[in-house]
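One chain, chain A, appears in both complexes that follow, with chain B as partner in the first and chain C in the second.
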Partner chain A sequence: MVDRGLLYREWKQNQVVILLSIAFLVLANPLSIVNTYLSYQGCLDRQDPQYCDFIVNYSISNLIDINWVPGVILAVCFLGMERSKGTMDFILSLPYNRSQIFQTKFWLGGFVIVLSQLIGFLLAWLLILVYNPEHVYFFEHSSIGVIVISFMAFSLVMAAGALTGNAFAQLLTAFSAAILPYLIIALPVGNLEVVFGANIWEIFPSPESYFSLASNLSNLVPISYVVNEWLINSKYLLLIPAVMSMLFYLIGFISFKKLPSERNGHFFLWNRLDRPVQILVMAFGILGFGLFGYYTGHSIIGYILGMIIGAVAGFFVSYFSIYKKTKV
Partner chain B sequence: MIELRQLSKAIDGNQVLKDVSLTIEKGEIFGLLGRNGSGKTTMLRLIQQIIFADSGTILFDGVEIKKHPKVKQNIIYMPVQNPFYDKYTYKQLVDILRRIYPKFDVTYANELMNRYEIPETKKYRELSTGLKKQLSLVLSFAARPALILLDEPTDGIDAVTRHDVLQLMVDEVAERDTSILITSHRLEDIERMCNRIGFLEDNSLTNVMDLDELKEEYIKIQMAFDTDVNLAIREQNIPMLDQAGVFYTVLIPKSDEEKKSFLRELKPKVWNELPVNLEEVFIAKFGGKRRW
Partner chain C sequence: MIDVQHIDHSFTIGKKGRENEVPVLKDVSLSVAKGEIACIVGRSGSGKSTLLNLISGYISPTKGRIVINGTDVTGFNEKEWAQFRLDHFGFIFQSFQLIPGLTTYENVEMPLALKGIKPSERKQKVQDMLKRVGLENHAAHYPNELSGGQQQRVSIARALILNPSIILADEPTGSLDSETEHEVLELIQQLNRERGITFVIITHDDEVASIGHSKFQLHDGVLKGGITVEV
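Let's look at the complex of A and B:
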């Protein structure tokens, strides 16, 4: 499945970014604890000990909350940058099939993300034993959760990289996919509210049922996992990003195997995606700018003006990003 | 060795290759000619499976490459530029390639590096165009392939380096029976190296010919006349390579006695029959239309 020669090539090609990712992912978790400990020590130096607590609480903003960033960077380096720099041709010319190439890239990144964070988790656990804080909140839940979420982010950007022909397109597609459920559901609903002058929650039996549904739907939006609000929910919620990871992996694997590589430099490798995606971008532009126009002055004129601006902006943005080939 | 069967490929709706078939035997050097955009590079990329053909098959020693990509251990593709090499030194590249190509011969690579005095400690991107081509060739040959696909290997390099690059290829074929498929705009390079040539034109591979036989087919005649015979020669559709005053140089098939008699009837004062080169043959064969 993963060839040693290919693995070595990937390692040499992305040595710096892999090492930096490992360093960050290994150190982020223990450094958070060290930071909390140093803050506690600082407090003890300045104030009476009764006013100082040594509490490790992972629900408060923590360095490991951005552990998904190395996943994104690795995926862009593995696919988008290879296509943008023109080095993908060299890999494809080697004596391996496309499945092997994708598997090698994917699992190299996957192991870097998962193993580094597991080591970081272990180090943090040892530090907790050594420092012996008064309370530790959400340590396991948060540490394991960010592994799942960073793996999902990596899978998502890898899938986007397998569909697109350059690094910019990869990032834009990944971001769009990360907010796609919001774009598909919330934008049209918001526009319906404007057109019919009603609030959507009014058709629900109670406001609570509406907010409950909205909250549940937001769990399907990959970007919602960037902030650690998932910590206050059930641990089983992490099954959603885990399933998403598998789905993105499959999309990436099949796309990398099947899509034509002669379109490197273009936005989409499969040119049949160009037109439907352009129409979608324009539709989102119309709906998004329309809402923005309405809420600036709460007037229908603002709404219509916003829609016109959205249509024009959507057209030009989609035209220049999708139809103009990047130099490779 | 390598066999292309009914290969077709369209890119972004444009047909680039249509039903192209070709076989290259062991130890053969095949020259692929064609204008810019005729599909020469596409053909090499198809063989190496960088892109996939819409239809047709490519076989290496009877094995379909698409289904068994491991046979590409015997095939090396040297593109015009290889951005992957840029950030590495020779040693680092050897370190990478020897893990991918099991037959990679480090001793032979070192020997060639010394022979051609290529700096080993500089990164690939720091080398001149000629040295880059030489280093790429050294690495390609050191992988001990049975077939090398060379895309414009002499493009952008000076005459001395070109000589070295060509010599390296000729030596390799002579010593190891390696087959080479080469694309080039330079007919003199093709002429010097190739056994056979073929033209990619209008999406098809045409005029696949043995080079020596081809050159034997034609004769170049230098003549001097008292009067202006330009129109008379052209009316007979005889390709004229050159005219300087009363001196005329024309090309005719060796066996075409009718045209030879016609020229003799014009009573030339001077008549010299000379061997031809590839460029002249093409002018004769394709009616003076330069296609490369």
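Let's look at the complex of A and C:
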């Protein structure tokens, strides 16, 4: 499955980005604790000790909240950049089949993400033992959660990279997929509210039931895990990004195996996606800009103008991004 | 050596059930003899890269047959193609595709390492090859420390290191200035004469095409005829 020769090639091709990712992911967690400790020491230097608390609270903004970023960068370097630069053609000329190539790239990235963060978790745990803070909140939940979420982000961008022919297309597709549930549900609902002049929550038995449904649905939006509000929910919520990771892995694996490489440089490797995605981009443009136009002045004229601008913008954005080949 | 027989290749577009077949190559037949330099020329979109991809086994033809070194490769699966490429082909790319983290020596050594050849044996082969392409003094240099022409020489050395019988080159001088292009073309001709290696070169450049013993002109997926010069 994963091949040593290919691993060596990936390592040499992406050495700098792999090393920087490892360094960041190993250090982010312990550095967060060191930072809290130094803040506490600073407080002790300035104030009476009774006004200073040494509390490590992972629900408050923490460096590990951006641990998904190296996953995104690794996935772009492994697929999008290789397609943009043309080095993918060289890999395909090596004596390996496509599944070996994808498996090697995917599991190398996955290994870097998971193992580095586990080491960081261990170092942070040791620091907690050494510093002995008064309270530690959400340490395990947050540390393990960000591993799952960064792995999901990596899988998502890898899947997008397997479907697309350049780095820009990979990032745009990954971002669109990350907000897709919002685009499919919330955008049309918002427009229905404008057209019918009603609030959607009014058709629910109670506002609470509406907000509960909206909250549950938001758990299906990959991008919602970028902020750490998931920490206040059950730990089992992390099963959703874990399942998403597997789904994205399968999409990436099958796409990489099946899609032709001669469309490297195009937006989508599967040309049948060009037209439906262009239509979707235009539809989202119309709905999104329409809503924006409406809410700027709360007028139907603004709504219609917004829709017209959205249609034109959607057409041009989709036309130039999807149909214009970026690599000759 | 390379026998392409009545190849058709097309892409499918449109909705399921109402698909349209867009032909890229139509009834293409060509034959490249051992030790020949064959140039496939044509404008962008003429189907020349698709033809190279078919010969390389990255895609399968819709119709027709491809025989390489006496083996019918048309029905090969991915695994069989991977082994066949390792045993028979070397590749040269327009953008060199050297690995930035490896020195000249290591880039050329890599195919040998992938084939499982012992380090002691590898060293001699790589040194000989670097000497042959005139880069023995640049063995420790990284790709970003080399000129475009030198990088393409490394790429040629890497393609040759496993002694393939066929080199497939996709616009090998496309990223080079005219002086460096001339040097690289001369090296290709020398290697062809010395080692009897077959070169299949994709190009839209008339100067590159002029080194070919045979020249195949593709226009909108149709072979407009080949000019063959005695080898």
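Quick notes on this one:
Operating definition for what follows: the second predicted complex is superposed on the first by the 327 of 328 C-alpha atoms of A that agree within 3 Å, B and C clash if a C-alpha of one lies under 4 Å from a C-alpha of the other, contacts with A are read in each partner's own complex, and residues count from 1 in each chain.
What we mean here is this: a residue touches a chain if its C-beta (ideal position, glycine included) is under 8 Å from a C-beta of that chain, and two chains touch if they have at least 3 such contacts.
Small disclaimer: the values here were computed from a predicted structure and weren't measured.
Because the two structures share chain A, they can be overlaid on it, and in that overlay chain B clashes with chain C.
Once the two complexes are overlaid on the shared chain, A:Arg272 sits against chain C while remaining clear of chain B. Applying the stated contact rule after C-alpha superposition, one finds that A:Arg46 touches neither chain B nor chain C.
When the two complexes are overlaid on their common chain A, residue A:Tyr96 makes contact with chain B and with chain C alike. In the superposition on chain A, contact of A:Thr87 is made with both chain B and chain C. Contact with neither chain B nor chain C is seen for A:His135 once the two complexes are overlaid on the shared chain. Residue contacts after overlaying the shared chain place A:His298 against neither chain B nor chain C.
By the touch criterion defined above, A:Tyr8 lies against chain B and chain C together after alignment on the C-alpha atoms of chain A. The residues of chain A shared by its contacts with chain B and with chain C are 5, 8-9, 12-13, 85-87, 89-90, 92-97, 260-262, 271.
Against chain C, the residues of chain A that register as touching in their complex are 5, 8-9, 11-16, 85-87, 89-90, 92-99, 260-262, 271-272, 328. Taken together, the chain C residues at the contact with chain A in this complex read 11-14, 44, 49-50, 53, 56, 58-59, 78-79, 81-83, 85-86, 89, 91, 93-95, 97, 99-102, 106, 110-111, 113-115, 170. Chain B contributes residues 11-12, 45, 48-52, 69-73, 77, 79, 81-84, 88, 92, 95-96, 99-101 to its touches with chain A in the complex. Of all residues in chain A, those touching chain B in their complex are 4-6, 8-9, 12-13, 85-87, 89-97, 260-263, 271.
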